[in-house]
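What follows is a pair of complexes built around subunit A, which joins subunit B in one and subunit C in the other.
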Partner chain A sequence: MSDREPEDRYDLSSRRKSFLGLTKESALKGLFGGNAFVSIVVLGLITFFLFKEGFGFFGQYREDLTIYRKSGLEYVELMREEQNALSALNRYLNSIRTLQSEQLTESGLEFSDVKAVLRKDEDFFYDFEDLAFPLREHILEASEVVATARDSYEEMLDLQEHRQNLINAGRQSEANSFEITEIDLGQMFELVKSKEGDFNAINRHLEEEIPALLERAPIYDDPDLNSRMNRFKELATLFLSEIPVYEERIVLWNREDAISIGESFTSFIFGKKWVTNSSIQNWYGIVPLFSGSLLVAMIAMFFAVPFGVGAAVYVNQVARPLEQNLIKPFIEFISAIPSVVIGFFGIAVFGTLIRNMSGWDSMEWVNFFPLSERLTGFTAGCLLALMAIPTIFTLAEDALNNVPIAFKEASMALGSTKLQTIIRIIVPTALSGIISAVLLGFGRVIGETMVVLLCAGNRIEIPQFTEGIGVFFEPVHTMTGIIAQELGEVVNGSLHYRALFVVGLTLFLISLLINYFAQKIVLKFQISRG
Partner chain B sequence: METALLGTPTRAKSIERIVFWLFRLATYFVLLCAAAIFADIFYKGGKTVFQSAFPFVNVAFLTESPQTLHVFEHAGQKYELSDSAFRIFKEEQGVSIVSETYAYSGGGIWPCIVGTVLLVVGAMLIALTLGVLSAIFLSEYSRPGKTLNAVRLSILNLAGVPSIVFGIFGMGMFVLAFGWNVSLIAGWFTLAFMVLPIVISASEESMRAIPQGLRDASLALGATKWTSIRTNVLPYAMPGILTSSIIGVARVAGETAPIMFTAAYALRDQLPWQGLERWYDFFFQGVMALPYHIYVVSAKIPQNEYTSRMQYGTAFVFLFIVAGITLISILLRIRMRKKYRW
Partner chain C sequence: MSLVADRVEPSTKMDVPESESQADERNRSLIKISNFDFFYGDKQALFDINMDIAEREVTAFIGPSGCGKSTLLRCINRMNDLIDIARIGRGNVQVNGVDVYDERVDATELRKRVGMVFQKSNPFPKSIYENVVYGLRIQGINRKSVLDDTVERCLKGAALWEEVSDRLDTSGLSLSGGQQQRLCIARALAVEPDILLMDEPCSALDPVATAKVEELINNLKNRYTIVIVTHNMQQAARVSDKTAFFYLGNLIEMNATVQIFMSPEKEQTEAYISGRFG
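Presenting the complex of A and B:
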């Protein structure tokens, strides 16, 4: 339309021309408005789509958990807990034996002599190991039955759905052509349930044998070994006292208990396991990923806040103009380094550097050094700090810049030094801006993908916060990392696919929340410049 | 106070000096860290990209496709040949040669450069059209009020959403729901929507910064709304729009997460314009891209000296492109700021 208009903008008559009843003005307005409308719809669509795909998860997860319960897998897993406790005991016992053999080797004994000493009380160790055997067999058998039942049940559901689709598509004859064997989960479970007596018998056997066996526990000359053996006895007694608890749990467990949508929600939010591709049961609990993200972000902020804010104060208040003009663009320039390049640097150089440094003699006083892993939360956190610094620096510098010069002058006139002015007047005045800068830096760190995917080590486990500082040097997995790693291999519409969408949705909400608070803080504590 | 006048520093003064030195150290430490990354990549990458003999640039690296590298010894000489050269060599010699192979370590990165350029151009075309026109509407035509504020706030908030969220959205929407599969067009839209909030809010900001007096004066002279926008708003807002779009380009070129599932292939033999059956197949093909290539060669294959060459070379080229774009935007902004002041 506009092409036909003469270019002369002083031609007043051109305004009157119209096309399809639209003047040029309203057509243009329509064009701009239309674009704005499309943009807003598109951005709204993103939000809607995330929510739609995400919320589908909870219903599906509930069905999945229901099958887990109905098929009796949950029942078997309850029994397995006892087996795990027993295995843990066995591992502890073996560690004593390993320690003993190490001690003997160190004391200069020949290999054959070491073996002879060890053989003296090997009966005790082997007998204890054998005790775990019947329990393991029992659980293995039960687990196989219920897992098979569950698999065939899911297969049946798939076939039923397929048939229903065919019927809906009007292909009745085709739908009738294949047969679906009905699977009764209850019946299969009865097979397992009927053997509950066996389980109890195994427990009675354990209750009888373990105390008898503990009587025969070897006594060592070495006090360390002895105290460990005593500890083992304590643990074993504790295990014995817990056997009734395990039994009671199985009795209390009810196959008919329905799983509510709230339960599927809480098992996602508070779930401590993220397990995919498991033959028993897939778990989608966000806690390990969330805590990993948080851990990495904490490390990053630990470095980024002092350096970012410190640099901002320095550049804004202390540096000479020439320094200012050089440093500011340079730090802005850091934000231009693509994250994948930083991640690559972490893999190629920084991770190795950290591990090598942890092996230095001067670092021996740190009890968890030297590190065995190259890629840990610490590696990723340090690199992320470098990415957060430009964000924090730029915004904090802006905030400092906005402090009225009169504040500074008044303070200096009262005789305070420059440092006193900065600490008592300028930083407190700009504090709201600095806090929002830190928040936005945090948002950037939490949402960063490539660095954590490449450098955080990608081990899906909740970090061991009980280990003190050592927790920062563990490999972790993050929310962004898990999406990047697993999205490529999921089936459209599957539970796993939707679980990743919920993780994405969580990230989306976290970043919105951070942005929202950052803006609120700035507005609320804005200084009046009268 | 007397001592201060005599030139002996007071306690407060000495503390101040120490603290200022700490600030200074913190600042320069940050600069040093960044410089170390640049230096490492430019030094080691430079070895791959440049060479000492004419034409000084490693042309093969920039113009060939990634290939498997064959390392072998033949007739007492050590050879390192990429797959295609290795086959020709074998035929020429007429012997079977046992070689050690290293995936992705031979050849060059030409398809990745092409893919990245295509992705950036397409995505920015979509984002700028939608974004700038929307910004004109929001800043010039829309009526101020609660709705406008809400729209502005939500656009601003979306600008801070992590790129992987746009990636998972693009995967669910374009790749799966629309059935576009992993393709250029899915990547374009994903990247475009990722930068759209940035483009809109930055463009609108630069338009709103223009004093109302300019518009009023133009309208008072009898100009129509559009004329006054065209002659009195857009020319002065141009620097701001330009800077924001260049920042957008750097962001689009630099992000990996959104294209991982929507547009990028780890390896593709053909260049985008080769082997097309119908003209529109061009849009529905995946491409290789520099950032994804770096990810693949640094995370998915075993590390050794041969892959390290490829990694650093790719990182060098990629960093060079992105940093170059950003540098232009920073310089442009400094120049433009000096040009217009009110």
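Presenting the complex of A and C:
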């Protein structure tokens, strides 16, 4: 090695210019690496804070539920269930009366005559309505007591926290000047609990009066009214038989039962109510939002999958180059339309169009038509389909493009037609790619916010799945919509604020799962091709 | 690749096929190409091709890359229809007396009579069984007994039965390259064609697998008319009865294989065969 003269050797030392010890390459490498690093760190931080804010929710919700129980609000709500059942009975009775008055008016009677007929048996109706008064009064009173107790207890907690903050900040004297009245929830609740006898007495009264009142129920000439009245009697009897159940529930209810963290978790996951800004109790159950999101996504996929995949097959396999050059950019252009514009179109044009169409005579055979709502899950779903089509189309087209031309040639050489080749060879070969395209389209739909916020109707209710197809035409609210709608108005760090974060977390997990499965499927696809 | 599956079975028919003159008398012409011109867009790929391909013989197309031999092969079963810019000029291609480019001819019917095996083995991503019966299924034949018989007959015909009969439901893609190519031949046989077109069927195979496919070709020629495109002149010499030499879209010379390799008439043919160009 060293036997050559130094000047004979090749000069292989670097000739690249360097600045502060950095060559151009290493500077570029640093730049790109730095960018990647920053994005990863930012994403990590976002995820971290999402989880941090989100998980705080469950502890806080547990405390909230504990106060709900300790203050006796839960106890009052149990009683209120009986009241609600009684009110429902009353509403049913009123509907009979309304129907009767309508019938009389239609038969051509004067207004005064109608009134005269109705007056004949008005005692029955008024007496039944009066039956509900004592119960309502009792519950109203109890509710006021416990709600006040709860409010002052929460106020006390706030003050205590404030004082603690002052002490921590070293402002001892200021802290001492606070007068905090100790609230004993137990004592307050005793006020309500001691009147349990009244509640039972009211029930005895009901059990006595209702059967007697039913005896006096009017008998109508009209068979429809009569059958309704009979139905009412059945319902009233059913109510009577349930009174002991309500009483038993109250007896079994125990103020001292602790609420576990698991309970706060399940009441979020399986909670059927999302109620905020309520004077009684706020509920954060994700089921109405989740089912709304799912419903809208299902409608969207119902339209987007056939259209997206069909268009992809057509463009990739059947279309002439001219058509390809026309259709592809056009479909991809749809994804460039801002979602707020699509939502605006939904409100201004599409929703109205659907409602008007549902009123057509030719549409009468659909049992839930005509629609009363303009903005429903269906409206939002159709527009979301429009947004999912480009995603599904582009990815499915890629998958079809990846099918080796050799398969097509082999199939054609065996005497199959173009259509047979597409159905039997090309689509099955690309199937996993197509499925992952559909999954990613689904992810796009479930994460879309603006369109559902504008067009889904924003009614926080679990859709009535018993309605059959009609369920798709109900207004719904979604997980994305609720975050966009409410996050701007909540107090930072409050329970409501954290609840919205957990909804966001749920969305995040759903997207994560969808992407994970989509990638798994694509991977499987690549392996199977060898 | 599994060496066990592709174990060497030395061919007994590696030398030049027997009795050329006899074959000539026995076999009538099945494919007749006359004054055929072919274009890709504005570019002419074939110039005035005239050729007769006899029944139950192996005809080899040789020539340097881009000389049009594959193009001509694909004209026989109209696979060039799949290329948008392809069009024919003058002349015609007749298979058993029918002009295949006649507008009344349905290309799918033609392809059922004229099977094809491709350069790169391309079994479908389906089971071995489904690969073989694909041609029947698209014709609407779904009777289990018919399909079973076809699978056995064709896999035996393609000398693959022994190796795969116990795993017919595994993917065709799990086979080795040589087995895959024989599977493709079996698949082509299933629709009972009269003619088999082979587009460089051995170019992606190792010598052992090549020997197997060549042996198979020798066996198949008793029942099928075979046209094979090859870059391997030894292969042409081993398997074919007739050889056609193409150059720049022209058919330079076509004759009995022995004749072409021993004493070619054209100077270009001799130059190519002796390896001076191409």
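FYI, the second predicted complex is superposed on the first by the 489 of 530 C-alpha atoms of A that agree within 3 Å, B and C clash if a C-alpha of one lies under 4 Å from a C-alpha of the other, contacts with A are read in each partner's own complex, and residues count from 1 in each chain.
Here is the rule we go by: a contact is a pair of C-beta atoms (placed from the backbone, for glycine too) under 8 Å apart; a residue touches a chain by one contact, two chains touch by 3 or more.
What you are looking at is a predicted structure, and each value in this text was computed from that prediction instead of being measured.
S.K.: Counting only touches as set out at the top, which of subunit B and subunit C does A:57 meet: first, second, both, neither?
M.R.: It touches nothing on subunit B or subunit C.
S.K.: Is A:24 in contact with subunit B, with subunit C, with both, or with neither (first, second, both, neither)?
M.R.: In the superposition, A:24 contacts subunit B only.
S.K.: With both complexes superposed on chain A, which partner does A:313 reach: first (subunit B), second (subunit C), both or neither?
M.R.: A:313 sits against subunit B, while subunit C stays out of touch.
S.K.: Could you look at A:331 and tell me whether it touches subunit B, subunit C, both or neither (first, second, both, neither)?
M.R.: first
S.K.: Which holds for A:417: it touches subunit B only (first), subunit C only (second), both, or neither?
M.R.: In the superposition, A:417 contacts both subunit B and subunit C.
S.K.: Touching A:378, do we find subunit B (first), subunit C (second), both, or neither?
M.R.: In the superposed model, A:378 contacts neither subunit B nor subunit C.
S.K.: After superposition on the shared chain, which partner residues are touched by A:274: those of subunit B (first), subunit C (second), both, or neither?
M.R.: In the superposed model, A:274 contacts neither subunit B nor subunit C.
S.K.: Look at A:283 in the shared chain and tell me whether it touches subunit B only, subunit C only, both, or neither; answer first, second, both or neither.
M.R.: neither
S.K.: Using the superposition on A, tell me which residues of subunit A are in contact with subunit B and, in the other complex, with subunit C.
M.R.: 417, 420
S.K.: Okay, in this complex, where on subunit A does subunit C touch?
M.R.: Listed in rising order, the residues are 320-321, 404, 406-417, 420, 424-425, 428-429, 528-530.
S.K.: Would you mind writing out the residues of subunit B in touch with subunit A in their complex?
M.R.: Spelled out, the residues of subunit B in touch with subunit A are 12-13, 15-16, 19-20, 22-24, 26-27, 29-31, 33-34, 37-38, 40-41, 129-131, 133-134, 136-138, 140-142, 151, 153-158, 160-169, 171-173, 176, 193, 196-197, 200, 222-227, 230-231, 250, 253-257, 260-261, 291, 294-295, 298-299, 308, 311-312, 315, 318-319, 322-323, 325-327, 330, 334.
S.K.: In their complex, what parts of subunit A are in touch with subunit B?
M.R.: 9, 12, 15, 24-25, 28-29, 31-33, 35-36, 38-40, 42-43, 45-46, 49-50, 53, 306-308, 310-311, 313-315, 318-319, 327, 329-334, 336-345, 347-349, 386, 389, 393, 417-420, 440, 443-444, 446-450, 453-454, 480, 483-484, 487-488, 492, 500-501, 504, 507-508, 511-512, 514-516, 519
S.K.: What does subunit C use to touch subunit A in their complex?
M.R.: For subunit C paired with subunit A, touching residues are 77, 79, 82, 84, 108-112, 115-116, 118, 120, 122-126, 134-135, 137-139, 171, 173, 184, 187-188, 191.
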